[in-house]
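Have a look at the structure that comes next, please.
Labels A, B, C and D are assigned to the chains in the order they are written; within every chain, residues are numbered from 1.
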Amino acid sequence: MPRPVHLDEAIATHVHDGDTVALEGFTHLIPFAAAHEIARQGRRHLKLVRMTPDVVYDQLIGLGVADELVFSYGGNPGVGSLHRLRDAVEKHWPHKLVVHEHSHAGLANAYVAGAGRLPFAVLRGYRGTDLEQQSDIISRVTCPFTGEELAAVKAVNPDVTVIHAQLADPEGNVMLWGLTGVQREAVLAADRAIVTVEEIVDEFPERTGAVILPEWALKAVSVVPGGAWPSYALGYSTRDNDFYQQWDVVSRDRGAFLAWAKENGLEAAADD
Amino acid sequence: MPRPVHLDEAIATHVHDGDTVALEGFTHLIPFAAAHEIARQGRRHLKLVRMTPDVVYDQLIGLGVADELVFSYGGNPGVGSLHRLRDAVEKHWPHKLVVHEHSHAGLANAYVAGAGRLPFAVLRGYRGTDLEQQSDIISRVTCPFTGEELAAVKAVNPDVTVIHAQLADPEGNVMLWGLTGVQREAVLAADRAIVTVEEIVDEFPERTGAVILPEWALKAVSVVPGGAWPSYALGYSTRDNDFYQQWDVVSRDRGAFLAWAKENGLEAAADD
Amino acid sequence: MTESWNSADMMNVAAARELHDGDVCLVGVGPPNLAANLARHTHAPGCRLVYESGAIDAKPRRLPLSIGDDDLAATATSVVSVPEMFNYWVGAGRIDVGFLGAAQIDRFANINTTVIGDHDNPKTRLPGAGGAPEIAANAGRVIVIVKQSLRTFVEQVDFVTSVGYGPTGRERQAPGAGPTLVITDHGVLEPDPATNELTMTRLHPGVTVEQARAATGWDLKVADSIQTVPVPTDTELDMLRRLRAREVI
Amino acid sequence: MTESWNSADMMNVAAARELHDGDVCLVGVGPPNLAANLARHTHAPGCRLVYESGAIDAKPRRLPLSIGDDDLAATATSVVSVPEMFNYWVGAGRIDVGFLGAAQIDRFANINTTVIGDHDNPKTRLPGAGGAPEIAANAGRVIVIVKQSLRTFVEQVDFVTSVGYGPTGRERQAPGAGPTLVITDHGVLEPDPATNELTMTRLHPGVTVEQARAATGWDLKVADSIQTVPVPTDTELDMLRRLRAREVI
């Protein structure tokens, strides 16, 4: 089913205004090229989900793509703040961003529940934190055997999940390895999954720790070499740490950010 | 910590009368050699846990090792009945065996909860079945977000889990691949884990789908080539289908079974 | 020349025919294994075989002897753990067709594979649930393959291991459609659209309604316009025999 | 010859010294990363570094730039998914020592990394929870590394992201022991055994009690017999600089 399609076609077909969209990749294999295509096509009012918003969502938020954000850690890893995220939350620029904050364990388990099509997941956490005040996504359940009270998180089921992977095979099966984060769950929790890959090979190599997703669990596969830049794809590229450092400068200032967007053909939207 | 020890020492140190013991390996990598050592050392009153009791537990049950059995499918795969299991349940020979029957999904999730040190797990299943009458291990919970009622299973946390794997490295880390079943969860749910391996290698090869368990999560590693016979270790051996067929004949008859046990140095215990 | 065949062949062939190209099919031991592989090697080369042992898209080169056959892992697109298989694939409703067997089945397709007799003092201890309860609940549709006899087709099952349509046919609460077909050595039964009562809708060639009734422990409902299942083709029979001989195909 | 050092060096060295050989240590970005790798390359070569990105027993050859550094997966004994990391390793209590940072911390070691100001209209939106709430709850012991100032050591945190000992020091309900040490650029604080109130038990060389009090937003409790932390050794300082320079070690 997912014979390679161009990325613009994959995004146009599967990502719609107002969708809940997860672009996953925990510190590795972050689908930047797909994110840029979503911005380029002018999608609006997205509810973005991602454990670590990272620079990729800082860009989308600054570009006005998102109305809401579900996340668990919103920093520029190893650098500092995400200035576009902060500007949207603190000063509502380019418009207000509503945030839903999980812990890593909480959001990871929300995807786990989503992948299993269960309405919630149970974990040992959150207890006594103010995060529990978000009662629409975090609650408690009582163990029917021991009476112990535990945390419950509401399942996350994105309309669309996008990930970047190293390989696809000619049938459209996909393989990723290295730090594979929560991608398996994010893909299986979604209604529609799109994967960009570095390349297509006849046969997958042996790779300890690899995740393989069968083509029938995916909607589209696009070949986008370097699609994770400035993050990295193990075996193909290394993280462009300079870009992450420079982003701190570019993103601090609205004008510099807008200039960056224009230069890269990612027009920041007039706010609506 | 788990520098290779002889199997007899591993079993003597870690498996005690009355323990809850899980020998896992779903149709592959079944730890037969360790099971035989448990019988040889005369362990009694064990509560055995295993998704698929298979011939390995048929032997242990016939030898009088077990008082209770937690399981989800008790057949001789591809052949028929487990006659020693049936004799123990139906005729109390060599003594009564109390059985707790899960579905595969239920027992797998009971190990998942155990591995995460949670008291229970949630799944979509069991509803309307008579299996639900076992209210000490199967119950229901209500989703705090949607109100939906789901099945809950009580966690399984064995005192000891034993598995067979292909490889250990010099530090005692363990690697297994092929059908890896529920072994990761069974090991991590246990208080103490013992692993028999085919061999020790300096460095692990790349193997897609492999499970690697760090040495500090294990109590003992023993080198037992062929330790899964008559089941198999992918890359090392193939399943001895003839043995599984012959077992149907041997195990049908108490006398034939006792003769087999004696021949193999696995004295069936006088019942106590 | 038409090869000869028996009722077991017919049952397997009839089951295989119900698999469609592209179906994701959860395969168990025994007849389902034979039927699914027969389908894949005849009319449904694109059906996807999933084994509860963890193999997704297994393409066994010869008939697997058990669901743990080494050929399954070797030829699968992906091998996953058993918890992942049940949570993310079976439980999540990604299986289009699940095959089940039965030691007892009642008129509302409730299935017993646990005990004959009393649960705590059984006459016969059966293998137990396995993956069946969740397959019965969550597969898009369920095909039961079982020989029809007074021993298996009973008024009331001794124990409900897997739910069909519930005690009176109206209690099913599950994401999947339930047992939409029961394929026996006599023919095919389907739940009545209004009542979910299993109704004989097709007979295998040479089988009579009277024979089917005599092999059923309740007053068997028969469709007004009962069909006859087409005889096995030579292609089907030939492949069935090659699979049983465990030829590499 | 003794090398010169500053308060940040002292803080990292003091943190590193708290790791013991054999400890399973969950490492976060920033100072914890530096401290854990310093420990591993000095007195605790057998400590096991776990990164929440999925790397178990990572042995990075140079200081990782982030928890997603490619050297982590390449040198780890095992790489697991993020759900597995949190469910089977962190949540299950397999972590002996967790390091945490803080934007605000109160006298009962409750931690805020979410917002400064009102939650819905914050003055400063901070990065958020990350792995901290479950590390705080489930690690055997927690070491907080944070610079001591009126901005960070506050009478009341604006938001409780991770629980120390609760609002009055008596509300902790979690498997782990909680924050047993808070290591700052001024010295070390430990919860009072009776009340769980953070108590200054050690000062870094050259730091006075008055300086520590002036950097604390509540009436700081000081141990009767306050100790002085030994100055960094040349070995420690040398390794700290090599790690910061990202030398391959």
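One rule holds for everything that comes next: a residue touches a chain if its C-beta (ideal position, glycine included) is under 8 Å from a C-beta of that chain, and two chains touch if they have at least 3 such contacts.
Predicted, not measured: the structure shown is a model, and the values here were computed from it.
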For chain B and chain C, chains touching each: A
Interface with more contacting C-beta pairs, comparing A-D to A-C: A-D
Reference chain C; chain at largest CA-centroid distance: D
Centroid spacing, where centroids are CA-atom means, of chain A and chain D in whole angstrom: 28
Centre-of-Cα separation between chain B and chain A, whole angstrom: 39
Whole-Å gap between the CA centroids of chain C and chain D: 57
Touching two or more other chains - residues of chain B: 112, 116-118, 123-124, 184-185, 208-209, 212
Multi-partner residues of chain D (each touching 2 or more other chains): 78, 87, 91, 175
Chains touching one another, given as label pairs in label order: A-B, A-C, A-D, B-C, B-D
Footprint of chain B on chain A - complex, ascending: 116-124, 136, 139-146, 148, 150, 152, 154, 175, 204-210, 212
Chain A to chain C touching residues, read off their complex: 112, 115-118, 171, 173, 184-185, 188, 212-214, 216-217
Interfacial residue positions of chain C with respect to chain A in the complex: 24, 48, 56-57, 77-78, 87-88, 91-94, 175
Parts of chain C lying in touch with chain B, wherever the complex brings them together: 29, 52-55, 65-70, 72-74, 78-83, 86-87, 90-91, 114, 119, 122-125, 127-134, 137-138, 159-163, 166, 171-175
Complex contacts: residues of chain A adjacent to chain D: 26-28, 51, 71-75, 77-78, 81-82, 85-86, 89-90, 99, 101-106, 108-109, 111-112, 123-131, 133, 178-182, 184-185, 209, 211, 231-232, 234, 238-239, 241
